[in-house]
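When the chains are written out, they are named A, B and C in that same order, and each has its own residue count from 1.
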Amino acid sequence: MPLDTSTYGLALLRVDGRRWNELRRIHGQIRTQAAADGSSYLEMGHTKVMCVVTGPSEPGPRRGGAAGGASGGAGSGGQSKDAEVVVNIVIAGFSSVDRKRRGRGDKRTLEMQFTLSNTLAATLHTHLFPHSQINISLHVLSQDGSLLAALINAATLACVDAGIPMTDYVTACTAGSTSTYAANDEGADPLLDLNHQEEQELPGLTVATLGESDKVVALVCESRVQISRLEGMLAVGVDGCKQVREILDQVIKAQGRKMILEGTVDKGTGLNDMDLD
Amino acid sequence: MTTTERPLVLPGDPISPDLIPSSTSKPLRLGPGLRHVPPSDIVPVVAGQLITNHQKNSMWVEYNSNRYIPAPGDLIIAQILRSGPDLYFTSISPYTPPATLPHLSFESATKKTRPQLAPGALVYARVVLANKHMDPEIECVSQSTGKSDGLGELKGGMVFDVSLQFARRLLMAKSKEEGKVEVLELLGGEGLAFEIAVGRNGKVWVGGEDVKAIVVVGRTLRETDEGGLGVEAQRKLVRRLAKGMK
Amino acid sequence: MPREAEPSLNEKQFVLQALHDSVRLDGRELEQYRPLELTFGDQYGVADVTLGKTRVLAKASAELTVPYADRPLDGIFNIATELSPMTSPAFEVNRPTETEVLISRLLEKTVRRSGALDTESLCLVAGQKCWSIRVDVHVLSHDGNLIDAACFAVVAALRHFRKPDTSMEGGVLTVYTPAEREPVPLSWLHSPFCVTWSFFGEEGDVAVLDATWMEEQVRSGSCTISLNKHGEICQIAKLGGVPVEAVSLLQCTNVALVKAKDMSSKLDRWLAEDARRRDKGGLLAELSAENDRVPDM
């Protein structure tokens, strides 16, 4: 391994100089694409994703049989009248260090599409749009760890921008632990928001929560870790999600403020009490 | 009992002439599983027990299959798939073409007062039309009297899947003697309160107030069916399950 | 593609109502598994697992091949999952459904990525020859909880499997037939097992283990946890669905550990029984020892 994280114990600083409970810089923008119903751009450190939402609209021809092929869908057809959330993820070839082409049928991408679609279906009020489809397409421009978390956050921002009713923000972040799986050392610190290098070397998990609650919508752990480590990692992750929620909230509010000042939207009655600095 | 002997037949087996009822007053009626090859041969086309009824001058093969083939007059439990302009599309068994249920085939239904059934609702219905190459049609009203006769939407309760043969046995007029099933009477004897509707398409609907009672009825039916239990074993099973409930 | 038959509204409501009253249709407790059965085939590496009415068959096989160029020191290990129309008319051949992709990903993460099989031991000549181990998972009948059954079958098949013995002498690689030398087991490091929780209701407050197909159709979320008996988590997958309190997820993990230990000891027992059955009268050990001492017999 070219670099390793074993120096953590000396200065309690991680490879990129953060402390254990620090997030990387999160920069978000909404309404980036004029043509889309909702769009967003999100950077979590060097992980950069774009999201475009179209819909709710009439389902396209890919519904039913063909939809199972390339896109994750939830709540489709049959007796249920809920809108279907169709997610499509494109990972750009230049997004990671080694240029690797992933085909459309890549199982990892399919799994992420399924996760996103089910995560969003749990919070979006899909029952308000019977027999329709919400298309979410995500483009990964650069990868530096916490990819799934960034995708979930970007999709949340774009859904807010598209004005799709939802219960609360779904925010996600990653958490890790400085212990390796074999060592059962009690002194291991949990870590917040892993970058690519940490993700490769340390056990970690991605957690997505609903709003400010402790309710976990998605939890994905792909590495071997002692069961005793889980509690600490989960606590740090859930706490990180709350921080992320604050940041996303700022992004949305800033955009709203801008739009009112620009006169793009009327300052409605309900907005009178909104604090325009 | 008019049926004395029940020989097992395989498709294509010759049937000995003394098994064929020979009443001269009525024409011979062939039921499911038998085929008439002119001029005078009768050949079974499925494997099962050959049953002859001398009074009605009829014979058929009693067999168990997994696929329900609709026949006119059968009582079935159907599931509403969607509503069309003047009829419901319903599913009698999975992966088969839908059966149609006209909106007006309910008791005292008119264009304005027809029952509103959501997709996924269940109805107890009778098969009216069942032709080859055509979607079957079902109804929830007796055409002659205009009464529902117990047919119609099934509210609440639970549906259990049983084999087609077991459903037929449950529906027999003398289910205890001919069908060798006594579970329903036994369950009632244990003090369980429930309603039941048996569909010939292998579905049994059980309704009632008590969730536990419904589960016990369902488990009894399933275990009796899957284990092929005799009357004595059925008694034991009912006693065991009813005891477990309390 | 024929759509999977959906349960009626009555059934959905009843199952949910019953689960809220802690009653399951088959009379089980909420955290109780259906009877788990395992039969080994006549050949090494065939495991047939039944879990209630769910039945999964896994077969392990080995083949000599060339290692991947970027990993010259590792052998090859693959898990192939097959959901055929035999399972349900809703599955089609050669068109992976979402379920199939998820199952194969979960098995991959649970067994392969967690390093259960030591792939380095499969390498015979660096960069030139290695074993390729392949497990084919066939789902024979589907009554819910495919993942747990499939994972158990894969682990059982791999632990039961014996690959032909080899030797290297003066740069010559010899592969022995079973008649010449008794085949050897794989170098197995730990046995992970999947435990799947299903959550019901709007709030996800009812958690159930080993859901049947009917229950799976009405559940509002699920969480698969893979663990080995040493208390190591190999993988957790709660891919969306109903939000669940973080604390209850931790509790679920602890119960899952108990179940995983239980499965682990069951598998150990069955493997030992099978070994006794194959080794009639302890003759096998004697024979192989004899062959070693008198090579040119």
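Basically, contacts are C-beta pairs under 8 Å (C-beta built on N, C-alpha and C of every residue); 3 or more make two chains touch, one makes a residue touch a chain.
The shown structure was predicted, so the numbers you read here are calculated from the model rather than taken from an experiment.
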Counting C-beta pairs in contact, which chain pair ranks first?
A-C
Taking each chain's centre as the average of its Cα atoms, which is closest to the average over all protein Cα atoms shown?
C
Distance in whole angstrom between the CA centres of subunit B and subunit C is 40
CA centre of subunit A versus CA centre of subunit B: separation in Å?
52
Note: subunit C sits from subunit A at a C-alpha centroid distance in Å of 30
Shared-contact residues (touching 2 or more other chains) in subunit B
118, 120
For subunit A, write out the residues touching at least two other chains, lowest number first.
78-79
For subunit C, what residues touch not just one other chain but two or more?
6, 9
Subunit B residues touching subunit C - in the complex, by the definition given at the top
79, 91, 94-95, 118, 120-122, 154-159, 205, 211-212, 214-215, 218-219, 241, 244
Applying the document's contact rule, which stretches of subunit C touch subunit A when the two form their complex?
1, 3, 6, 9, 95-98, 101-102, 104-105, 108-109, 113-115, 221, 223, 227, 231-247, 249-250, 253-254, 257
Give the list of subunit A residues in touch with subunit C in this complex.
64-65, 68-69, 72-74, 77-79, 105, 107-108, 110-111, 114-123, 181, 205, 209-210, 213-228, 230-231, 234-235, 238
Under the touch definition given earlier, write down the residues of subunit C that touch subunit B in their complex.
2, 5-15, 17-18, 21, 23-27, 89
